[in-house]
Amino acid sequence: MQRPFGKRNDRSMTYNIAILGASGYTGAELTRLILGHPDMTLVALTGERKAGRAMAEVYPFLRGFDLPGLCRIEDVDFSGVDLAFCALPHATSQSVIKGLPRDLKVVDLSADFRLRDPEAYAKWYGKPHDAPELQAEAVYGLTEFYRDQIRTARLVAGTGCNAATGQYAIRPLLAAGVIDPDEIIINLITGVSGAGRSLKENLLHAEMSEGANAYAIGSTHRHLGEFDQEFSAIAGRPVSVQFTPHLAPMNRGILATVYVHGHAQAIYEALEQAYRDEPFIQMLPFGASPSTHDVRGSNYVHVGVAPDRRAGRASVFVALDNLCKGSSGQALQNANLMLGVKETTGLLGAALFP
Amino acid sequence: MQRPFGKRNDRSMTYNIAILGASGYTGAELTRLILGHPDMTLVALTGERKAGRAMAEVYPFLRGFDLPGLCRIEDVDFSGVDLAFCALPHATSQSVIKGLPRDLKVVDLSADFRLRDPEAYAKWYGKPHDAPELQAEAVYGLTEFYRDQIRTARLVAGTGCNAATGQYAIRPLLAAGVIDPDEIIINLITGVSGAGRSLKENLLHAEMSEGANAYAIGSTHRHLGEFDQEFSAIAGRPVSVQFTPHLAPMNRGILATVYVHGHAQAIYEALEQAYRDEPFIQMLPFGASPSTHDVRGSNYVHVGVAPDRRAGRASVFVALDNLCKGSSGQALQNANLMLGVKETTGLLGAALFP
Amino acid sequence: MQRPFGKRNDRSMTYNIAILGASGYTGAELTRLILGHPDMTLVALTGERKAGRAMAEVYPFLRGFDLPGLCRIEDVDFSGVDLAFCALPHATSQSVIKGLPRDLKVVDLSADFRLRDPEAYAKWYGKPHDAPELQAEAVYGLTEFYRDQIRTARLVAGTGCNAATGQYAIRPLLAAGVIDPDEIIINLITGVSGAGRSLKENLLHAEMSEGANAYAIGSTHRHLGEFDQEFSAIAGRPVSVQFTPHLAPMNRGILATVYVHGHAQAIYEALEQAYRDEPFIQMLPFGASPSTHDVRGSNYVHVGVAPDRRAGRASVFVALDNLCKGSSGQALQNANLMLGVKETTGLLGAALFP
Amino acid sequence: MQRPFGKRNDRSMTYNIAILGASGYTGAELTRLILGHPDMTLVALTGERKAGRAMAEVYPFLRGFDLPGLCRIEDVDFSGVDLAFCALPHATSQSVIKGLPRDLKVVDLSADFRLRDPEAYAKWYGKPHDAPELQAEAVYGLTEFYRDQIRTARLVAGTGCNAATGQYAIRPLLAAGVIDPDEIIINLITGVSGAGRSLKENLLHAEMSEGANAYAIGSTHRHLGEFDQEFSAIAGRPVSVQFTPHLAPMNRGILATVYVHGHAQAIYEALEQAYRDEPFIQMLPFGASPSTHDVRGSNYVHVGVAPDRRAGRASVFVALDNLCKGSSGQALQNANLMLGVKETTGLLGAALFP
């Protein structure tokens, strides 16, 4: 009953893609995006506990698409695979990737290769890294800032979705020297799909809907490791931001409200300059702020700046979709670069509204 | 700051499209879909009260796309337009379309041309029709059942979104004679975007979220007119279904639960037979039922059948997205047919989940 | 830091209450209700897996109230307990209640004692009953229809929340003989808290929000056993309804839309007659239908009737809160009767809107 | 068909209460609360545009309660009224209250009397005040901090709901001198009911659900006027906080995340000291943060403190229900004080969860 849709007839012209860990939300989102990509064909989908099942059983929204069944990683023939997305749980990813063919291009969506420093990894993830040599090789996947390295990378580490959102607000400001690096507060509201398809009490509809709360308070969120690594590198000295994420009853979307010390107009100009030619980053008019509603399901990022009534203080607002631009869309954008495909291919769709 | 995306460079190769009434939800959804359509270019967007504004102001999710600004209908030069979608309010549509060039292909999304019989129109809409000659000309837009007529039509009338959903369940069953035409109950749960971007108290988040209610009870919903027209034509005698729609706190999606008298297996087979070659209609396995979650943002329809414990009774379940397959996606599918483009072009994207 | 609130100083004047299984949603709802009850004091709360923890840890909304800590059932001294609510999982309940003191008044909220017939129990629950003698003793807890028996009962079986909702629509109609017992369809939309605080994938916010689906299709829902038992008893012959529940993204609330054959006006009158003196059941005007929004968090039931355009067909609508009137509120109402307290005590609060 | 519930039989023993502007959300919430208050009877409800209608028509959740019908203010006989709640729109309130009997106790829920300084009023509300003499008389209604003045006040001005939330975090810290007054950022997530039952596009379910956004950015929110007035008075010098509110898809609830410079432990102690004897304010354990889910529908406030990894920085979290403790519950608490009733009467109910 399954029919092939939307694919070139001559599959030899497309790149063969595997998704390791296709049964989670980022794997499903990758599947959705790649089904609409004219130059890629999904040839393998893995899911350890769901091996042997059709993807449409695990995700009925994929019913009717011509997709390989879920199998175990060990059953994948990687010889015909051009690139593998690795959407496995944190810590699992490093051991799996270590075992893959050395010449296979890999985009990892886990947290395993985001931190370059083994000690930072051990500090934030509570265990030594199993593949420190890969850790050194991996390129950090924030496309707009690592584009050239990603083009030639074999292994790209997808960023944390919260980490990406905060960086879009802050990186150009640190680079331009228009804010005080010691006075950065990243306040973030995030959708629930960021926690994955995991069975936790606080993720139940009955517990989530109709309310909001902070989590990972007290500087315990692991994405702080990414902020530290990246911001300190840009500033050329340690930068230690304050970061509080909040859960709100929405499935997709992250809104970062970043409080900084600096002149709002200079901040706006630094961002506008940095993102002028970026296909996915949209600057709002000065004084406007974005909504996650407007980027849902898309690879776009909306950025706004507002002044405080006190001179020298401002807020930067960034909205993106955690599953798409914050994770699977970013991964596909990077894969496009790694394969020599036009960077925006398969990613230009407008958000779903309402 | 706006950049052209995803369009062929040579626009002479694409069809020029206008959307009249682009500032409502169906207009915005059409815009989203057509931006991803390789053979169409939007050349005019109208919005009477919002004329002069950019589409991205009215719908910030469209920021960054290369779109014409909103203008008034009278300011559109229709000479270069190949096809117009008319997403205007009910009753407005008929007078506008009457004034359009006679050779312009039109897909109307309002209720104005759904009923062929002027008396039926007057009964359900409470006023005589202003363009009865067009009423006679218009082809009913339920693609799977009017495909050949739509191909050659100049004016196609989009169906009611609820009406479409119910018909997907029932038409093949009446045609195959496997159900009792006097015992049909259409129970329907619908998302709030079906009511449009209108300022009504009951559509506020505070009134809608976290609860459900029936509406248009007592056989007052206008889509009954469509059911009567279509079902009676198929059955060759009057068919008068019972129909109760309900509002639930979801933005998109319609789930029809249709109670019929007939043998479940015969019903399943009639549906399976009818939809076997349809690109957008997916039959679930016998005994399974669909979820609106799995079709959100897509043009797909999921259909299930379950037996009752009493022989001779069954339920048919149909899920679709009211804004897409129930309205704007259907309209685009019909426009593809009218323009000689491959029917599925621009419509094969998977649903957005979660 | 805990302070006693809202309690009589002289506790000897109140009834001592235990909740067995206080860590589920119905247990928490009972706790909420009893905290506002002037004649009851909670003296024991049990939770097997959470024994040793404070209730406010398990349910932070109860922080600040003077409550006993969670303990194991075996650690409760039942000698000072006047009445126990048993909010344990199905099947567990029967063995626990069998072991309680024979003179302890018990209101059971599980499914274990709803069906009087051991064979019906075995059929719907897939195993023989462990306490058939208690099954015979238990009084069915639909207060408005079993009030006199509940007053003198030792063991009352709370009804299914869906089962209660359907019965409020149908019982008076069967009793008055104003509908055809062979043509009853109960279509129901229910909130997610009815599934409890259980970790199931389909109950996650990401899976539930923004969509709807039917469940337990094909006559498999266990509450059918209650419908059969009760309706057949009233009609004096087998009655076999068709019943389809649906999940919608709301935490509380059940809306039953019941399709019947009968004269709408006669149906309205039969309901109005039956509920005229009921403190918790509100008849809406003829032709109006209720919303679950209007009963959230309360013990009220809203009932409406609408005619179909075909004479002899009608719809009955019933809205209630599944956790309150459908479960814990009903249980408290029954406990009031069993203890000789005014039936409405602690239950008259208005719904929470919005 | 209406029946009196939950009221003392001898009404001469209760205070007679009027609600002016009962048709908005705060009026409805007051009605709900007062129906459960043993010492108050509602004798008048006004609603200019809805005069002549029953309250249950405007708010069906109030069906069945014994309530006066909605009338116009000019039709109220204030001679028998002990206290009036004024839940009218901003600016309307001041002219209405000016016309009320001079000896009538009034709790105003509008913004009209929150600012004591006529110039500050003119600055934030864009017009001169119509009743500056009442402005001088009015007592600011943040109960925990103005309790003694409220007891003897004739006119109490309810605080802004956002303003209340921020003040619960900050007042004790400024008073104790444990934070830097120049480094206060109030980040706030608020539910949609705060905007009232007003027909605005951005409050539609289709626009609100499943997303979040900041609003009133750039120091434009009027509650800044309250922060300035109150914090400057406590600190004895101008204090100018940074404040950004966000809308999230929840009907009730405010979560303030307040970023301060100070030692977390000292901050916790100052708050714990301030709130130790407060019946409605609950301190969470150090390092824990509250959720709006846990205070929904209640008059409780949950307060948490978390340290940042950098010494000398901390976050304070405050959750409350905007309609209850942030508005109508606060008003009732103040009315209790003004009438000499026990302060907590009618307000001790637990939150509704889930």
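Note that the chains take the letters A, B, C and D in the order they are written out, and that residue 1 is the start of every chain.
Convention: a residue touches a chain if its C-beta (ideal position, glycine included) is under 8 Å from a C-beta of that chain, and two chains touch if they have at least 3 such contacts.
Just so you know, these numbers come straight off a predicted model, no measurement behind them.
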| item | value |
| --- | --- |
| Pair sharing more residue contacts (C-beta pairs) when A-D is set against A-C | A-D |
| Shared interface numbering between subunit B and subunit A [over half = same, under half = different] | same |
| Selected pair, out of C-D, B-C or A-C, that shares over half of its residue contact pairs with B-D | A-C |
| Approximate Å spacing (C-alpha centroids) for the pair subunit A, subunit D | 40 |
| Separation of mean Cα positions, subunit B and subunit A [Å, integer] | 34 |
| Intercentroid distance (Cα basis), subunit C paired with subunit A, Å | 45 |
| Touching two or more other chains - residues of subunit B | 25, 193, 206-207, 209-210, 249, 251-252, 290-291, 293-294, 296, 354 |
| Residues of subunit C defined as touching subunit B within the complex | 185, 187, 189, 206-207, 209-215, 217-219, 224, 240, 242, 244, 246, 248-253, 255, 257, 259, 287, 289-294, 296, 304, 306-310, 313, 315, 317, 319, 354 |
| Residues of subunit D that touch subunit B when the two form their complex | 25, 192-193, 197, 199-201, 203-210, 249, 251 |
| For the subunit B and subunit A complex, residues of the former touching the latter | 1, 3, 5-6, 25, 28, 31-32, 35-36, 59-65, 193, 209-210, 251-252, 279, 282-284, 290-291, 293-298, 300, 302, 344, 348-354 |
